[in-house]
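Before any comments, here is the structure.
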Amino acid sequence: MSKDFLRISPAFEDIMPAEYRELVASGPYGKGYGISDLGSHKELLEEHPLCAGCGLALSLRLTLSVLPAPEDTVIVGSTGCSALAFPQVALHNIHSLFGNQNAVAAGLKRALKLRFPDKHKDVVVVAGDGATADIGLDMVMQSWFRGELITTIMLDNEAYANTGGQESGMSPKGAVLNMAPKGKKFQKINMPELAREAGCVYVAAVSPANPKRLGKAIRRAILVAREVGPTYVQIFAPCPTNFKFKPQETIKRIKEREKDGTYLTREYISQEAQEYLAAMEGGNKDE
Amino acid sequence: MYGAVKVDEEKCNGCKVCVFACPDPNVLTLLKTKKITVNQDRCKACGLCASVCPKEALTVN
Amino acid sequence: MSVKIIRPTAAFADLLPAEYLELAANGPYASPKTINDLGNFKEIIEEHPHCAGCGVALGVRLTAASLPAPADTLIVGTAGCSFFGLAQAALNYSCSAFGNQNAVASGLKRMLKIRYPDTHKDVVVLVGDGGIADIGLDLTLHSWFRREKIATIMVDNEVYGNTGGQESGMTQEGQVLNMAPKGKNFAKIPVFELAQVSGCVYCARVTVASPKKIGQVVRKAILLAREVGPTYVQIYTPCPTNFKFPPQQTINIAKKAEEGHYSFREFISDEAQAYWEKNFSSSA
Amino acid sequence: MSITPYRVLVGPEGYLPPAAASRGVLLPEKGEALIEGAIVPEEEAMQAIATKLLSAKNPFFFPGPQLLWDWKEGVAQKAQAVKRLADLAGARVIPMPDYRPKYPMINPAVEINPNHPNLTIWHNKIDLCVFIGVHCHYANMALKIIRGGTSCYTVALCGEAGHEDAMISLCCMGMPELAKLTEIIRTMKGEQAA
Amino acid sequence: MIEQKVVAPEYLFNEAEREEQFITGSEAVREAIRRANVDMAISYPITPQSESMHLVGDIYAEGYIKEYFRGENEFAVMSSVAGAAMGGVRVFTATGGPGTLRAFEAFPTWAGARLPVVCAFMTRGINSPLSIQPDTLEMAYMLDTGIIMLHAENSQDLYDMILQAFMIAEKPEVHIPVGVFVDGFFVTHTRDRVKIAPPDIKLPPYNPYSAPVPVMDMENPPIRQMRDPFVMKSNFISYAAHASWQQEILAAAERSRRHIAHYLGSLLEAENENAQVMIVASGTAVSQSREAIESARQEGLDVGLVKLKSLRPFPTEELKAVTANAKAVIVPEFNRVGWLAREVRAALEAKVKVVGGPRVFGGMTMPPDLILDEIRRCANE
Amino acid sequence: MNKKVSIRMSGLGGQGVVTAAHILGSAATRDGLVSTVNPFFGAEKRLAPAESYVRISPVQIHERGEVLFPDVIMIFHPHVITMGKCYTMPFFDGLQKDGVIIVNADVFPEISADDCQALAKLNAKLYYLPATKVALEVGGTELATNMAMLGAFLNVTKLVSVEALKDSLAERFGGGKFVASGTTAALDDVLRSKYEKVSQLIEQNMAVVEAAGASLREFAVC
């Protein structure tokens, strides 16, 4: 957007509620903020109805704080827990339907490219594991096959949480959940690997237990998607409500799973993306 | 388009490579004599059998 | 099936048209046939309306001749060219809606397992590239994730043949087709690799230029799917009609592809390899 | 089309009344306006707005995002003009900065939200409100809810085609129309004072 | 590509000198899109629609359209179309039969999201067993999706209605999708005379900033903007918000009446409306009826015809008016359920006898004689 | 002409029934008549049954879809009669009184006594010609079979002018506005490849049209 788009009409300055004035005064638009700036500025995400200790909410908040250009970012979401927080995000974002987020994003990205040929409009898909790996897998992968210049972020809580805790394709094998009363019978879907095979030029699996790494991955994914090709980031976002652990244990839980090797963090960068990033990150080593 | 493949029985050695090349079932069959025979009514004359025959025993008009 | 169901009742045997009698007497049900027996027995597919020189028809015919147990095989197909030959096959064949073949097959296989716990009922998905790689990709991959014991066979003509020659996800990059008027601008979908990542225990890639290989890999895929897990075979079946080459060129084109983008590939998981060696290596 | 023309009157009309458009109320053409469902010349509607505004006990203006944010050329001036108009009419201003279903609740003293505009109306005891600068879809939603559940008189100053669900609606509202309306109010106020 | 200049829609529709071409319905689609100033089109194969989108692809290659691609299935295509429309461009697609049903979830949400998409539906059979042949059954399912439904009788209608559809759909107070329905094969593959405007003119472009909802480009306020949030009664947000939203979609369709009448002349066309026997039909059934009526007139029977051009919004009042003198109304249809007869019956409120039929389906042709038989029966009663 | 004539063309996929219908309808339009043309495909498969329909009239035609009651039936391949490769059985189903049937066959296919009787009752005129043979001999390709059939049609009905037919052919293959779809496009390319120039394609195909008349035979029903 234009640099001074987020400006209140002078005539109405005095009647604007405080949160909007704050957003203008100390919001992140055009500032290039990163993870380390959190706490020092007005965030894009407002108060939302997600559960206490929600790993997904935390991941979402961290994700929003590292968008390289929030003023030119449009997010496409999908049905699920994340959709409950999105109305409270100070960005243009689209709910879409359940599972069609990458198809919507593909249409949107091409439309924006056509309308604004000279600037980068970052189209970022943020959806849950059910939307990405189950009902929407075809559309997710086809957007990658086609090389759509979008970033796909999966908030992986390993269950259908919003509908009450059913097994998803990303649930770990053996997990007893609704609709898997005897435990899930098959392995967690290997999405990072599928993403790589399907043509993603940057793939990362991260978690909010390491916010800096998460921030770096998201940033890289979005930058690479501007020019090189589709990118995928999978964020482990455990759900205290449906996996029945205490809200304060979310991060501990991530660390345990990372330690026992049942949730691997990893990063894959194609040669071309590597070169692009090297050029981009050359002068900016602080992350 | 209205023709059918013809077998030169002199040249055919019954190797059946043509049988594996035909997209249509039960068109080419191997006779007891170890020669291939063609069901003329069903042949679409595409020529695939001829394209693989090592003995050049098949021709499409 | 019980071979009885292909035995004409004595009272009406003389009334049955010749092709049915032939099928009973000389079809592949009574005694096991392999692809090497082609030309010597009555095939289970009858005359069909595929174009002359059709690679898909050839692929389907060779696959049908390679079934290890046609009497206990159920084919699940989908809309597309592959449908035409199979509609004339003496097999139980269901043509599902476009793209949902692997979901239909999953339900079918599980039900048959319950009804016939002691017999292997081979559920084989036999469809085109559009059905598997485009519209049905999600359902295909999920049947593999769930490790459904079905064999999925793609007859890949790299185009939507039946609807008049549109670009499919399996079309090669750069190819000009309908709906890709400036040429396809992304690579062929790597279904073979995706199958491995998604849990298939056996994958093979062949072309109609190598019929005996088709015979081997199809048989292997179906036998392994009985006990070990999902399997996938991808057969290159060039389309003379939509790629505008003379029908007699189909096999030559497939042969050339074997030296290029369609070289023979095979993947087998350790578990499947062990099972194969234990049970079938002598007969392979 | 219905035989007795439907009148868009001040509410509360009841539990989920149909949209006025579904009851046969048509939108005005340029130069025309709507008063309570009937098409009238624009001038007449402006007069009616002025009368209503000046006689209201507690009138409010609800500027929407298109006017609150200085996002393109001309908006700041238009916002200024609207502010002057409100001041002239003795109306207070409460903004509708966006349309989200806000969590957990809005502060009805300082803002209005299209998903439950009635909260703001009730809280501030508003008897007349003027919508301006709100995207048409959200304005229509809000106007229907207000008409269904409150006794607030609604006026819409629309830059596009107008709103059947407002009791008075202008369409094609630009700076000249705004100036004209201001002038009418000024004149009427002068007359009242005199 | 021919250099095109933007002209007023009225000029393109009514005034520009037209050339008569002997073309198929699919070619008529191409000629409409060529003049529609479309930014983007997305395709997926389904008979009998495919040819239309091939031809649209051809004009993309020629440079008339800026973006075009094949999606992976109809649901994805309709979703991508939604994304494009939210991004503020004029977008076109087409589907039919099973494709319509595969994509179905998208249509009510297109309407709910106020997307001015124009989609051509080339109807065909949808039930098992599979059929690629003409059948209008899918339209029954579409009636309550909230989209505007126009039904073309022939290629001329198809050409005109597609162009007009963009203008109707994009009116700020309407701004909901328009489906242009046409009977597959009977129109798409039939070669007929079609009068078309010169190729060097086109419609005015779409202005996304007049939309009744903010376009999703981060260039206009509000920035805190979600398309389209679900509304739950969990936090002071009333179900009334959702209900009011839905009313607004219905209202948008109502508002389209004036624009349909402006661009198409009317929502229905009536001939000989004082007749005692009236035929009410849409699509190809109108054409078959015309032949039957010609024969009936030669027999001295007095028959009138109502051609319904718009099915949503439904021209209830107009239909009542033009059938006021009728003692019987015959509704011939190309589907087995008779959805149009249901609509007509509901509109006429049992004041007139409504004969539901003749009906053919599964690809069968409707011989005008079948309709003639019904006319004779009704006339002699 | 003073009344509508409905023509049904039955053949096998790839024989050009759709193209023949297109050219005929287009020619009628050029002669100032009104025409509609529509094909019925099963699926676009070569050698599968294919039918197309042409209606020609001095006044506006509304009716569309299958021609159920043809005045003229053109049969492009004897298999239509002998193997049932058509959408209607028997092959003359729906033929109107005094109707015409033109068959591509070297000898008229054998038909049953009952069929003969039915045809006689209709006062049907039956013709046959070796259209494929003419196409090969004169046009140099069997793909000109449809032109031979049109030549026979012209000879029997005189419904459209030779000039109009030639112009339509030129427009169809002249590389102008017409864009053929899938399978038809493929065959178009094959056909074009048989001739060095489009003008040659047109000349030779028109030669086929003319030659067809000479080899046309009437078949006496019983």
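Per-chain numbering from 1; labels A, B, C, D, E and F assigned in written order.
Everything that follows uses one rule, which is that a residue touches a chain if its C-beta (ideal position, glycine included) is under 8 Å from a C-beta of that chain, and two chains touch if they have at least 3 such contacts.
Keep in mind that this is a model prediction, so the values were computed, not measured.
Undergrad: Can you list every chain that touches chain D and also touches chain E?
TA: A
Undergrad: Nearest chain to the global Cα centroid?
TA: E
Undergrad: Greatest Cα-centroid separation from chain B: which chain?
TA: Greatest centre separation from chain B goes to chain D.
Undergrad: Counting C-beta pairs in contact, which chain pair has more, A-E or B-C?
TA: Most C-beta pairs in contact, of the two: A-E.
Undergrad: Which integer distance in Å separates the CA centroid of chain B from that of chain D?
TA: The computed centroid separation for chain B versus chain D comes out at 84 Å.
Undergrad: Just how far, in Å, is the C-alpha centre of chain F from the one of chain D?
TA: Between these chains, centre-to-centre, one finds 69 Å.
Undergrad: When the centre of a chain is set as the mean of its C-alpha atoms, what distance in Å lies between chain A and chain C?
TA: It comes to 39 Å between the two C-alpha centres.
Undergrad: Would you pick out the residues of chain A that each touch at least 2 other chains?
TA: Only 2, 5-6, 46, 49, 87-88, 138-139, 142, 146 qualify.
Undergrad: Can you list the residues of chain D that touch 2 or more other chains?
TA: Residues 68-69, 71, 97, 100-104 of chain D touch two or more partner chains.
Undergrad: Out of chain B, which residues touch more than one other chain, so two or more?
TA: Residue numbers touching two or more other chains: 1, 44.
Undergrad: What part of chain F is in contact with chain E in the complex they form?
TA: Residue positions touching the partner: 21-22, 25-26, 29, 34-41, 43, 62-66, 68-69, 177, 179, 181.
Undergrad: Touching chain E in the complex: which residues of chain D?
TA: 1, 16, 18-22, 26-27, 65-66, 68-69, 71-72, 97-106, 114-116, 119, 135-138, 140-142, 144-145, 148-149, 160-162, 164
Undergrad: Which chain A residues qualify as touching chain E in the complex?
TA: 1-2, 5-6, 46, 49, 71-74, 76, 83, 86-97, 100, 103-116, 121, 138-139, 142, 146
Undergrad: Could you list, by residue number, the parts of chain C that touch chain E in their complex?
TA: Listed in rising order, the residues are 79, 95, 97-99, 130, 134-135, 137, 160, 162-164, 166-167, 169, 178-182.
Undergrad: So in the complex, which bits of chain D are touching chain A?
TA: Spelled out, the residues of chain D in touch with chain A are 63, 67-71, 75-76, 79-80, 82-83, 93-95, 97, 100-104, 107, 110-111.
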